[in-house]
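Two complexes come next, and they have one chain in common, chain A, joined by chain B in the first and chain C in the second.
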Partner chain A sequence: MKGYTRYFRNRILWYLLTFAVALVLNFVLPRLMPGNPVASIAAGVTESLTDSKAAAEMMEEYTRAFGLDKSLPEQFLVFIGNLLKGDLGVSFRRYPTPVVQILKESVPWTIALQLPAILTGWMLGNLLGAVAAYRRGVFDRAIFPAFLFVGAFPSFGLAIILLFVFGIMLRVLPTSGGYGFDLIPGFNLQFIASAVRHYQLPFWSIVLNTIGGQAIGMRSMSIYELNADYVKYSRFLGIRDRRIVGYVFRNAMLPQVTGLALSLGTMVGGALVAETIFSYPGIGSTILSSIKAQDYPMISGATLFITVGVLLANLVIEILYGFIDPRIKANQQE
Partner chain B sequence: MKHRLRTTFQNTNFVVGFSILVLLLLLTFVTPLFMQGSPLDMVGTLFNKPGNYVNRMGVIDAPKYPMSIEVASIRLGAAVSNDEAKQMLEWLEKSELDVEWKGLDPEKDRAAIVELFLANYDDSIRLPGTSAYRKGFTRLYNKVQNLLSADGYVVHVADPDSESGYREVGKIESRDFTNVKDVPARRFFLLGTDNFGRDVFHELISAIGNSLMVGLIAGSIATTIGLLIGLTSGYVGGWLDNFLTFVTNMFTVIPSFVILILLSYSISSSSRSIVVVAFVIGLTAWPWTARSVRSQTLTLKNRDHVNISRLSGFGTVRIIVTDILPYVLSYVVMAYILQISSAILAEAQLSMLGLGPSTTTHATLGLMLSWSMQFQAPLSGAWWAFIPVVLSIALISFSMNLMNTGLDQVFNPTLR
Partner chain C sequence: MAEYILEVKDLKTRYVTRFRENVYAVDGVSFKLKEGETLGIAGESGCGKSTLAMSLMGYYFPPLHYTSGSIIIDGRDITGEDPEVLRRTVLGTEIAYIPQAAMNALNPTRKIIKYINDVLVAHNIRLSRTELREMAEERMRLVNLPVEVLDRYPVELSGGMKQRTVIAISSLLSPKILIADEPSSALDVSSQKLVIKMLLDLIDKGLVKSMIFITHELPLLYNVTKKIAVMYAGQFVEMGPAHESVFEPLHPYAKGLMGSIIVPSEGIRDEHLVAVPGTPPNLKSPPQHCRFAARCKFRQPLCDSVVVPERFSSDGRLFRCLLPEAVLRELKYEDQIKSKQEDAEVELDVNIIPFAEDNGDGDSGKESGG
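Right, the complex of A and B next:
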């Protein structure tokens, strides 16, 4: 266990450092914008306000939110201080709702959609990839290009096609929203049934995309492992085929786990855009409407949340990896 | 080198992927020669469906050929749907007139139903139900009123001298036909028009070209940065390697999607041209190329030929270029191909979020998709405005993935 503690401590420290860098990026990037960001953003918003007092208040709010009267390091300290208090500023679009409040509304939807979808797609993809590698022959020859083709569709592209086929041509599933527009979110049967129906299309568009991508990787890893010396040796020893396949699968899985960690950010990005196709009430749609409304604090808050989410997921994967791969423990104990 | 190229072009996966890509490229170069105008000319109106459009005045002007083809039933079949025939039967039933409507099938006896409905329809009979329900029948009657008549149309032009204000210039008989080729003003829309009335096919071809350009620029930038960082950190080692690996690992974990959103948002929309967007994508996509180049370089670093060069006193740059680069090149090419296709996807994603290139003179695949979504193309049933775009994106990444798999099989023979 000693080796593990050290490994985990190192990883957690590393992720904290990465988070710090992400924070700095989140703070610095928008301030690279030439000119005064407040003026250009505020101009767009206050234009529509007829009440001059409200417009002035809005301007003040913006300046306060950006803290532009202070120097850059000072601004950063304020930014961190507010963050520690759980304050990400106030949304411009839904003034005066705090950003954290809006995040609280949309985050559960995104997590409930993406976590199961990516995991399901990942598992199915690995399974199909391993089977294709093991069986070879017709199964492989037919299914491999199919994976490749389906995997080539971005999840938002699949989303559009699924929406058109099942939502509009066949009219079997709802096309937008997370639940029926006539319902109030609550814990009752009608709401849950509606939410499940609205869940189908976004869910499958993410799953299909993930299956395609993962199956290809798993297939080539499995083929590589099947040709390894230990497999030949095991066959030579007369170990049953099933057991060998078990070994192969386990070894081929390891790079797939790392692969999941590496591609997680990309997958989440694609899935967020897929959300917007269905106006699913998650973070993706929130980002879309914030971009349209030039709601800067909201964009910053949402991207910060995605970063934290992806970092945490990566950390979890790495910790799991530490348990799956015995070499890690061995390395640490040297 | 020659041998490698030959084996590469013997690999089916690579060849298929390569051919698709070459075909797409050819399409973007050759088709503009046959198209009139700019790809973004707004020639049509909102979501015109695909087909050959001919000018209606031109049809009247063109020579006519009377033909003995039964036209009435064809017009009827096209104009009256199954549901409308059912609606007529419903009226006949509810009006309680003494008409033999029973046994008529809306599918087969459509002409008979319409005839019966026309003969018996009477506005003054009030059916039970809402007024909207009753108005539905009136609308239906007005629609089919002229369908069965064999009298044809009379064409008039405005003429202030005549008594009625109109002068007859021609007659269109129900049996008259015109050769479409005789109509001079016509336009063929292979994929209809989009929400702005632009020719989708023409627009799509130029969008494929622009998107490939985005991919090429972004991919080149990402690959160059990744290659430089990977080679330096792998070969030089020491604190520089530690630092560069640290930075690279960091940026592989921080989602590049997030950095893309923040960066694109920071660039004011007026300066966000296609090239700028491509640059931004390229600047965020290098980390995993750097990673794989570094690990490749590490395995090469202590090979004999590198050691000999080092002993001979060659400089670091020269060793990297002559002794290491040729060995990592195959991986770099593969990474480059993947970078291009993921950059095209990244552009599409950004455009869907409204952070793509802000231009009205050029189309990209992402912009086309974003426009059609903003104008609710799926709800209008305008499949031609988005399905071809999605398919093009998929086809491009499919062809590149195929090429990549092919190269993988060539360089790692165990995979074959």
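Right, the complex of A and C next:
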């Protein structure tokens, strides 16, 4: 057990380091984009001003308000200082709304979309991989390759295809938004029905994109496990085939949990793209519009939120995994 | 109680590879064992020892297939029985198997006690929690393992512990026959001896009635088992009482094999049974004539043109060679057969069996198909 604790202390240190690096990148990268955010934001306001001096003053005021008059390192210190107080700054685009406020609006949409979609895709993928390995036949030769093919599409490509087929050609599902634009969010039947309908396309595009990648790993793990010595030994002991298939499924499934942790970042990235294609009111769409407006605090805040989310999910999976798979536990203790 | 606890008659099994080729890994093996008797099977790598062990279970799954012959356990012919009946009433209870790689034989993610319960449940034995623990603890003590092992996962056990756990599990249902496939190959010499002793104890304690040991390291075995068989290319070429088989082997291959252990002493372990130059025939298309001919020092012209049957010496030992028993008894592996009479061939005293009619499909007369 001592080795186990030490293992996790090391892991947590490692996560903190990753977080620190991500923090710097999340801050610096948006600010390296060419262009001046104040210019575009102020443009709207200063248009009406004929006095060029007044316009210049206005610009200066915005620059000061956004803290852009300071050097980059100084800005970073301010950013960190505010962060410690739980303040992510104020959005440029929706000045003076705080970034935290905007995140609060969009994050629930993203979580409600991505968590179920990624988990569903992961589970269906594992099921398909296991069945393809065990049953062979049509599963292995037709269904599995079909999902592999679909999964190999870039996420925006798949989203656009779905949007085109179901939204534009068949006209069975809405193509954008999280709910009908004429509705006000609330707990009424009309709104929920609308939200469910808007949910379908982004949800399935994420699910379809996840299945193939998960199935491929699960299939090879299952084939490997089916050939393991314990399968043969269990058979010769007279253990029922159904039980042995259970062993194989469990043993092949466990490494897939790490697979989930490893690909979580990519999956979230893909899912964010799907959000923007369907103009879903989540964090992906928020990032897209912030990038267009060079809304630095908003970009940094949103990416920071995603970073923390993915890292935390990873850590939780890793801890859980050590408990459910004795093989890993034994490794971790070494 | 039948006269023999195990009777195997002309057993033939084969692997069918992915490319639909047959590998005739067990090709006509017959022997009988009485209660309390032990048989050692030796032979070089790839001769079919493990395949024979698995074939004896009577429960076949791909790529291994049954071709012909019969396996009679205590009077009951298990060949051709319904696999589900076999699974429930034969596997583990009549005959059990300790696999060659016993270290990897346990499901890594199942606690030993749960796995033991799985084995019991598979045979419709349902014990309460305390009964289960009691019986499992007793079995652990039998193989000198601490009872804590029951609550461990296999990954948390050392190689030797896993080995003993597998012995305990294989003998759990008190099988009449226990087959140990190289039960000790991954261990050091002293642990090997311990494992063998532990297995023999199972007979003394009445848990197991008869045992088959497989090895390619005869030095460990020849003073342990009552009988020894030497396997070559899917067949027994020699079988008899252990001492005679080792010290006065009849078959030329056995003579070569035993050459390396004829001076039995401690520290002999490094000498593996590879003293005979050459390689065995490919089991996909073994020759119809003597399978050992290509490597045999004493080969005669007839050896290349007739089927060699199983023959029995005056004292009932099996040998699969065309040379007369008297000649074989005199021959040493180092001898040259023609040294006394230049150019004269030994007179072969065997009924000549012509080859099976070749049906022209190049299949050397073997039955084929799935």
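To be clear about the criterion, the second predicted complex is superposed on the first by the 258 of 334 C-alpha atoms of A that agree within 3 Å, B and C clash if a C-alpha of one lies under 4 Å from a C-alpha of the other, contacts with A are read in each partner's own complex, and residues count from 1 in each chain.
In this section, contacts are C-beta pairs under 8 Å (C-beta built on N, C-alpha and C of every residue); 3 or more make two chains touch, one makes a residue touch a chain.
As the structure is a prediction and not an experimental result, all values here were calculated from the model.
When the shared chain is aligned, chain C comes close enough to touch A:Leu254, but chain B does not.
Residue contacts after overlaying the shared chain place A:Gly86 against neither chain B nor chain C. Looking at the shared chain after the overlay, A:Pro30 reaches chain B, while chain C stays out of its contact range. When both complexes are overlaid on chain A, the residue A:Lys292 reaches chain B alone and has no touch with chain C.
Ranked by how many residues of chain A each touches, chain B and chain C are led by B. In the superposition on chain A, contact of A:Asp229 is made with chain C only, not with chain B. In the superposition on chain A, A:Gly270 makes contact with chain B only, while chain C stays out of contact range. Shared-chain residue A:Ser220: touches chain B; no touch with chain C. Once the two complexes are overlaid on chain A, none of the chain A residues touched by chain B in the first is touched by chain C in the second. Chain contact summary for the complex, chain C toward chain A: residues 54, 57, 59, 61, 87-88, 90-93, 96-97, 99, 101, 104-110, 118-119, 122-123, 153, 155-156, 166, 169-170. Those residues of chain B whose C-beta lies close enough to touch chain A in the complex are 249-250, 252-259, 261-263, 265-268, 288, 342, 345, 348-349, 352-355, 369, 373, 378-379, 381, 383, 386-387, 390, 393-395, 397-398, 401-402, 405, 408, 412, 414-415. Those residues of chain A whose C-beta lies close enough to touch chain C in the complex are 228-230, 232-240, 243, 247, 250-251, 254, 325-327, 329-330.
Across the interface of their complex, chain B is touched by residues 14-15, 17-18, 21-22, 25-26, 29-30, 32-35, 40, 148-149, 151-154, 156-157, 160-161, 163-164, 167-168, 175, 216, 220, 223-224, 227, 261-262, 264-266, 268-270, 272-273, 276-277, 287-288, 291-292, 296, 299-300, 303, 306-307, 310-311, 314 of chain A.
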